[in-house]
Amino acid sequence: MLKGIVPPLITPLKDRDTLDVGGLERLIERLIAGGVAGLFILGTTGEGPSLSYRLRRELIDHTCKMAAGRVPVLVGITDTSFTESVNLAKYAAAAGAAYVVLAPPYYFPAAPPEMLEYVQDLVAEMPLPLFLYNMPGLTKVSFEIDLVRRAVDMPGICGVKDSSCDMIYFHRLIEVAKQRPDWSILVGPEELTAEAVLLGGHGGINGGANLNPKLYVEMYHAAAAQDLKRTRELHAQVMQLAGSIYTVGRHKSAIIKGIKCGLSLLGVCEDHMAEPFHRFRDPERLQIREALQSLGLLD
Amino acid sequence: MLKGIVPPLITPLKDRDTLDVGGLERLIERLIAGGVAGLFILGTTGEGPSLSYRLRRELIDHTCKMAAGRVPVLVGITDTSFTESVNLAKYAAAAGAAYVVLAPPYYFPAAPPEMLEYVQDLVAEMPLPLFLYNMPGLTKVSFEIDLVRRAVDMPGICGVKDSSCDMIYFHRLIEVAKQRPDWSILVGPEELTAEAVLLGGHGGINGGANLNPKLYVEMYHAAAAQDLKRTRELHAQVMQLAGSIYTVGRHKSAIIKGIKCGLSLLGVCEDHMAEPFHRFRDPERLQIREALQSLGLLD
Amino acid sequence: MLKGIVPPLITPLKDRDTLDVGGLERLIERLIAGGVAGLFILGTTGEGPSLSYRLRRELIDHTCKMAAGRVPVLVGITDTSFTESVNLAKYAAAAGAAYVVLAPPYYFPAAPPEMLEYVQDLVAEMPLPLFLYNMPGLTKVSFEIDLVRRAVDMPGICGVKDSSCDMIYFHRLIEVAKQRPDWSILVGPEELTAEAVLLGGHGGINGGANLNPKLYVEMYHAAAAQDLKRTRELHAQVMQLAGSIYTVGRHKSAIIKGIKCGLSLLGVCEDHMAEPFHRFRDPERLQIREALQSLGLLD
Amino acid sequence: MLKGIVPPLITPLKDRDTLDVGGLERLIERLIAGGVAGLFILGTTGEGPSLSYRLRRELIDHTCKMAAGRVPVLVGITDTSFTESVNLAKYAAAAGAAYVVLAPPYYFPAAPPEMLEYVQDLVAEMPLPLFLYNMPGLTKVSFEIDLVRRAVDMPGICGVKDSSCDMIYFHRLIEVAKQRPDWSILVGPEELTAEAVLLGGHGGINGGANLNPKLYVEMYHAAAAQDLKRTRELHAQVMQLAGSIYTVGRHKSAIIKGIKCGLSLLGVCEDHMAEPFHRFRDPERLQIREALQSLGLLD
């Protein structure tokens, strides 16, 4: 059962369709050294849906090889095409990944009974345990709590990652998961990991851990140990990181751009973005540099 | 320059990932016999984003071969991955398609300046003239009018298909298109084709034309000829078809399910749906049968 | 039965809670001279929900007196409080108004069965014929077509004003209204009045008619006479007015601010706005001046 | 400075426009006996926007008299009319209320600079300290964090009630409030009060406290005392109450209907609802009865 901080890796790119393999290796070593509990690739932070299938497979191969069994690899298989999701899951299993992660198909919004049928059909084809990934801000629809209640009876499902920002929903997940002690309930937005773990959650899939894995891992351990004072101190630091790195520019893409730009400034990897985005230009890059300095991550 | 009714073909399926080739052939013959001005595959009605890439390529091949130059083939290349859109466009060009059609990437919502850069980058890679396809209900973001004004300067763009249901936007498109007499401005929802053409639009990409191509083609010609009386009569028939076929069941998928079920009852092709949807069961099928009878399309 | 252009009057204000009585009189005379079919006060363009009840009553009194039976007065009674809607309707009836106009209560979104019960209860208390006013952009919920179908059986209802911008909905209204030949189906956004009337609607409640009533009245008559060529010419002029006056500034309040500013420049009335809005400052005022000059409304 | 549980009182009604005065008295005594820190009337749970102004004033009078200085009274003055908000605030001050509470005007969505100007203008007219009430689900717009940062410089503002369900926003409020140690930051949804207080918030304005004030007060004290184990136990009970009482029926009005129905079953007051809502009928009432029995609130 997965517990702790599982960073959603950004995808280091040299160009629109070229993986920055050296950057990926440095990023993975940095994260494992920081104490993370797993590596999640091809999620939202990883710009999964923006990458070609060829590049997705290349990324799976490299990541599984580099992780080398030290921590489990989770692979995002979210797709609007059922068949492509299955193909990717099979590829991930063959490459040595441990889990697959699935958000709802994001072109057509499936109604609740349609979504249930979809999940049942898909789970039947999965070679690996599956996390449901709730991300209504981007997929338009949720895995509703009633669906999650039905998922309790599906052995192929092993937990939920919730990026809805809706902590009422998250607390309902915790309730449902009492029937499946093998399930992990993980939270997406890092600003919510403290309370998620204090009140019964199992960890966080937090983008900022790309930049500062130790901070997030330490906050997780403080919260899991019910050390409220220390959790609050570290939560304030996480809020400071998010408040300074994710607010550069006015677009929603600022989070991923900010993390990639920061990693570039830290010398970890290149900051090329997949279309429809482009990396920060100089003025924004300067703001990220100053933010990293304020956070004590850069001299 | 494209004018008239271009049906967005449903994709006849035998199974989740198996094309109903015979059904496709019957559908195409039926549409061409009905007088359509082109064939648009891999759009929303065609469940494009739900199909595997292998099947998309197979569909492109068969459609171009079956059309055999009698009418132009338009191929949807909408994708969240820039590289896959380019791949598909190149495949379509090689197979003999005449145009490609692109809605915004639909996972990450690009802000207006990001979208402009994306369109500029993509058009530069296109081997065929490109239609912008405005579909905010499913892609979350629009091709805003300011972007369309910029697109006037891009020779690779040849028009806009608007499925926003926002006729104010459509009238602004018509204004902008005055600077590009080679552009076609086509409307998506068939309930709006009459007014779109009466007030300066060039045609419709209307799902119901799968079922009754002659009705839509005749309405287009009446409106283009400014025959208001006849246009109103035919518009009332289109409203009746949409009102009876698209309102079975409560989910948004009812439109595509209804058209496919109807074509199955008419003996044209199978009505299998791609996930996350499934075809109508018997009670809904009975309602569609009765609707087709009321419409005089079935005895 | 009401047919033609019924302008939704802006409310001329001298201050937050002070009516510009002279301005109101000049506005009303201008509109009646322009050939309008009625005067609608306390609608969205009239900032109805932003005004104190005292001022709403004062406005009703003055308008009914100034109209003096030359054209009917329609009074907006939309409110989140049922009792206040009823109070206002009774006040309007006593003052000599001809109709009341009701959008859904706009704080709590009523579900369809709740809305039906609300409408039934309210109609039972109405001293005047009631127009349903569909305005989902501001009230969050619609009067759904199924509710309108039920309203056919309510003698107290006399029509629908639709400001949804959804012409599919509008065409369904026209269908339903065939059962009630006494109903008027009027459209809100002026960019849609041409097609609304060409395809069976009865007129428009168009904000721009405050500025140029003759243009809108002439367009209505051309469309009602099925003179398509002339309708298109006048529609292009309406598009030009809306495109230049309503697009100053980036906020949604630009439409009302633009109309009020324009009327102030034309010497009709003051342009004070009710909170939460404030009138345009000098740079925007200059843009409106130039727009009015381009439109030929100001030297 | 206000800390603890401040229930948003439902408004006991005998009829659409008739206060259930005896019920109000029993409710207030029950809440004060339960240890609440204040009484908030005319909020969302109180159906404030649905009540006539006459009834709102009557409710203010009775509540202030019945509270008799034992706990402070907070009065909702949210309105689409600036003048009516000011009138209500003055009335509340004269009647002996301690605070007023303001959500954004909810018909026209004010853009951020418009909202700032509105808040500045309104605060200047306030006779009592003002809470900002963030409720975007019903008002369409938020008091954005940038506005709250500006509000730090307005002495007339004394805190924020946040009902957005967005705990990231809530944590930003806590950060901002460090500059104003006199501010109270209170959370709306009761499912979030535990974490809100554990991580620095000052209490909750929780609808369920109408039914079981002791539970919410005890949870607040456990969280304020940083007793995590006890907080979790009580949070689970709150989740159970919310999960069983607020989920009867499918409409969003289920929360208020459920609380009122429960209070009626407990013999506290009548359960009449203001339009556009109506009280639960027998089948729903039976479900509420069973829920209260499971919760141990009814034999």
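Labels A, B, C and D are assigned to the chains in the order they are written; within every chain, residues are numbered from 1.
What we mean here is this: a contact is a pair of C-beta atoms (placed from the backbone, for glycine too) under 8 Å apart; a residue touches a chain by one contact, two chains touch by 3 or more.
These figures come from a predicted structure and were not determined experimentally.
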Could you tell me which pair, A-D or A-B, is linked by more C-beta pairs in contact?
A-B
From chain D, the most remote chain by mean C-alpha position:
B
Inter-centroid spacing, chain D versus chain B (mean Cα positions, whole Å)
49
Can you work out the whole-Å distance between the CA centroids of chain A and chain D?
36
Hey, how would you classify the chain contact layout here, line, ring, star, complete or other?
ring
Which chain C residues qualify as touching chain B in the complex?
165-168, 171-172, 175, 189, 191-192, 194-195, 198-200, 226, 228-229, 232, 235, 239, 243
Taking the touch rule as given, give the residues of chain C at its contact with chain D in the complex, in rising order.
16-17, 47, 49-55, 80-84, 87, 104-111, 114-115, 117-118, 121-122, 138-140, 250-253, 274-278
